[in-house]
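Each structure below appears as structure tokens.
The two complexes that follow have subunit A in common; it is paired with subunit B in the first and with subunit C in the second.
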Partner chain A sequence: MSPAFIIIAFVTLLAAASAMSLRNLVHAALALTVTFAGLAALYLNLDAQFVGFAQILVYVGAVAILIVFAILLTRSGDTPDQAVLAPGWTYGIAVSAVVFTMLGWAVLNSSALPKENSSAPAATVKNIGEALMSKYVLPLEIIGLLLTAAMIGAVIIALREPGKTKMDDGGLKIDKTATPSAILNSPSSSGGHS
Partner chain B sequence: MSPLQGCLLVSALLFAIGLAGAVTRRHAILTLVGIELMLNAANLNFIAFWRYGAHPEALTGVMFVIFSIAIAAAEAAVGLALIIAVYRHYKTSNLDELKELKG
Partner chain C sequence: MSDKIQQVFETFKQLNLVDKVDQLFVMLKQLVLAGVPEALQPLVSALLSVTLILAVFPGIFAIVTIFERKGIGRIQNRYGPNRVGIPFTKIRLCGFGQFIPDGIKSLTKEDIVPRAADKVVHFLAPVVMLIPVLLAYAVLPFGRNMTVSDFDAGLLFFFAVGGAVELSVFMAGWSSHNKYSLLGAMRAIAQMISYEIPLILSAVTVVMIVGSLKLADIVAAQNHYTFGIAHWYVFTPWGLVGFIIFFIASLAESNRSPFDLPEAESEIIAGYFTEYSGFKFALFFLGEYLGMFAIIGLGITLFLGGWTAPVSFLAWIPSYVWFVAKMLAIVFVFIWIRATLPRLRMDQLMNLAWKFMLPLALVNIVVAGIWHFMTVDWQRWLVCAAIIFGAYLVLGRGLMRNQKLGKRIYRYAE
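Now for the complex of A and B:
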């Protein structure tokens, strides 16, 4: 194990632990971003360049922003004044500690681990692209379909419920009578034609 | 301890942290974050086995991680949309207060 790996792993795990334990949700989201970036560095350290940069693009770029937007839209950016842990959290911690102990014991004592080859494998973008276009072309198409369906589904789920445009949660009030043409033709709009 | 075992241990600890967060935190967003951490731990395992295992030229681990990242992004989008919809309905995103399914 190289020193770089140890440092990156330490930073990643520290950021993950703080993301799960910080009280303020915005701070937790920032720590989560550090975790994702650390994981990308781990991938780069393991000679998987394409996956590392995909991790940065998708997780650091998109998922973290999505989580920050969700925090914004659910108005939970303030530090909560009641308990942040569910009742019975000791059982949860105990279960995860048991899981980690089992996994660690299995990793350290298993004889099924493959014999290691230390030479760095060649996973260039060219290789990955050729594999994606030949052997994995069907999964690629299915992933495209899945992403489209998920995007449409997310938009439909998060849409305002019909008949609730008046927003009883104190948000922006939408004038139902203001159709786009009415806004365009109103005399107060500066951009309208004379 | 070999490099592969180091990677697997880091991944196991990351999985345990994510599991603890997903189970114990009360906020719905943090539960989703815990699930994301567990997914990332699995991805790290795939990359480690691809890097140190036999036949790395087959690119199986890398392909699996790429598809897994895409699915995780879709899952995060739908999950956060659900959290926003639930928040709009119940005016809370505290999981302990969401006790009834009836709207």
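Now for the complex of A and C:
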């Protein structure tokens, strides 16, 4: 364990813990962003440039923004007065411990994991691109299709239903018959200049 | 240790005069590095590069602010700043000393934090703005052999750190507890996310042709000449369209007019930094300009040949001079546009990004693929130019279809 790993891991865990325990939702989202960035730093520490930068691009650049927007659009900025721990938190800890044990057991006994500490393969961005375009092209296409379908679904949900008043997004409407002086003079009676 | 220094001197002597001037800074850095112990070399190397960037680009920022004020002044038929020169002398320098009092003013002004503001986030926002912007300079090739850290995924790194700027804008807008700030932040984030897509897609074409995300490779691929004219990608059909899309998107990414809705003074005071004063405001200002320089630098690297000369007989001019000259030329165009075009409306902004630039960028990717696989030169010119022109016509018509543009009505004060 290098000092860099220890520092990054400490910062990531600290940010994750504060993301869980902070009362203000926006603060929690910002702490979660630090966690994302810490994960990216961990990837970079392992010399996985592509994954690291993709992590920053997707999670810090897009997912974090999505989360804060969701917070802003759904509720007011009031911070809750009661304790942040939900009443059933002990059950939660038990379930997460079970899941963690299961996952850890599965990973440690997986045949995909090389048992001996072989040297890491040099995965350049070019290798990743070639692998994505040849060996893994089908999963890539399927993910692309899924994401497109999700996006179309989101657009359809957001679309204005037909029959309701349609917003006219045409240009500025100015009464063409009005004379310049009429346009100028009409609002001046109420609004004063300062 | 002294023979290492000797070695650097020997390599320097072997260069001809043009290369000596060109490689001056590279050699100076190697000279310093030869003088420090092996273990400290990475640290000293990084420090030297960072110091140079921190000295040069804020310096250019200071000059450009005056340049902009004077330029806009001239376009608007007034003088602009023309008084301040060197202090305690009568030398005026056409007003180019103005940045010194401006800097002192912003340093000494009171730092006002609103009572309702979220203090910590309010404090962190300008810092979070500036750090990713400065990080982006790490991968830009400023000249021959002059890249701070030239790694494999340089282009991806640039776009990745650029994504963090949006977060800082949100932090500034939200923490100020001011509805104008929040509106400005919302506008800024919507605009940045929308225009990031055409920006990245237009850069993808260059990556397809070069076959590398490394910016040094991209410059090297453009660094050869036919009949004395450089092979910049802007001189190809897909490159020209890519450059124009990149240019427009970079205007929007750096919140410059006509895309200055996030800080539209006449509508929302100053947008997300309404509640910032003093040095924090100056940091936002600095971050915005440094971000603009960085994205212009990337545009130069991708489409305008980076530090290479446009014609081969001018190749004796040092590479870093070319880089800065191209950057300042594009900054001038930015200033010119700012003084010329009115601000877009929100729906126009979104329509332009999603209905015009995004489809055109996608067509451009296909065109770059055709360009790559066709071998006869005049044929691929014809085919690519025809596809792009057709796409431009169809998309342009589609964008203007429901606009109901009538005759312009002028309203005069009587």
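One rule holds in what follows: the second predicted complex is superposed on the first by the 123 of 194 C-alpha atoms of A that agree within 3 Å, B and C clash if a C-alpha of one lies under 4 Å from a C-alpha of the other, contacts with A are read in each partner's own complex, and residues count from 1 in each chain.
Please note the rule applied: contacts are C-beta pairs under 8 Å (C-beta built on N, C-alpha and C of every residue); 3 or more make two chains touch, one makes a residue touch a chain.
On a predicted model such as this, the values are computed, not experimentally measured, just so you know.
Visitor: Who does A:Ala16 touch here: subunit B (first), subunit C (second), both, or neither?
Guide: First partner only.
Visitor: Between subunit B (first) and subunit C (second), which, if any, makes contact with A:Phe50: first, second, both or neither?
Guide: In the superposition, A:Phe50 touches subunit B and subunit C alike.
Visitor: Touching A:Leu39 in the superposition: subunit B (first), subunit C (second), both, neither?
Guide: A:Leu39 contacts subunit B only, not subunit C.
Visitor: Tell me which of subunit B and subunit C touches more residues of subunit A.
Guide: Larger number of subunit A residues touched: B.
Visitor: Regarding the shared-chain residue A:Thr124, is it in contact with subunit B (first), subunit C (second), both, or neither?
Guide: Only subunit C; A:Thr124 stays clear of subunit B.
Visitor: Report for A:Glu161: first if it touches subunit B alone, second if subunit C alone, otherwise both or neither.
Guide: Once the two structures are laid over each other on A, A:Glu161 reaches subunit B alone.
Visitor: Please indicate which partner A:Ala70 is in contact with in the superposed arrangement: first for subunit B, second for subunit C, both, or neither.
Guide: first
Visitor: After lining up the shared chain so the two structures overlap, which partner does A:Gly61 touch, if you call subunit B first and subunit C second: first, second, both or neither?
Guide: second
Visitor: Does any part of subunit A touch subunit B in one structure and subunit C in the other, and if so which residues?
Guide: The answer is residues 50, 54, 62, 69, 169 of subunit A.
Visitor: For a test of understanding, state which residues of subunit A touch subunit B in their complex under the given definition.
Guide: Against subunit B, subunit A makes touches at 1-2, 5-6, 9, 12-13, 16-17, 19-21, 25, 28-29, 32, 35-36, 39, 42-43, 46-48, 50-51, 54-55, 58-59, 62-63, 66-67, 69-71, 73-74, 76, 80, 83-87, 89, 92-93, 95-97, 99-100, 103-104, 107-108, 113-117, 120-123, 127-128, 131-132, 136, 139, 143, 146-147, 150-151, 153-155, 157-158, 160-161, 169.
Visitor: In their complex, what parts of subunit A are in touch with subunit C?
Guide: For subunit A paired with subunit C, touching residues are 24, 26-27, 30, 33, 49-50, 53-54, 56-57, 60-62, 64-65, 68-69, 72, 124-126, 169-171, 174, 176, 180-181, 183-184.
Visitor: Give every residue of subunit B touching subunit A within the complex, in rising order.
Guide: So the residues of subunit B touching subunit A come out as 1-10, 12-21, 23-27, 29-30, 32-34, 36-37, 40, 43-44, 47-54, 56-57, 59, 62-63, 65-67, 69-78, 80-85, 87-89, 91, 93, 95-96.
Visitor: Residue numbers of subunit C touching subunit A in their complex, please.
Guide: The touching residues are 118, 121, 151-153, 156-157, 159-164, 166-167, 170-171, 174, 182, 189, 193, 196, 211-213, 347, 402-407, 409-414.
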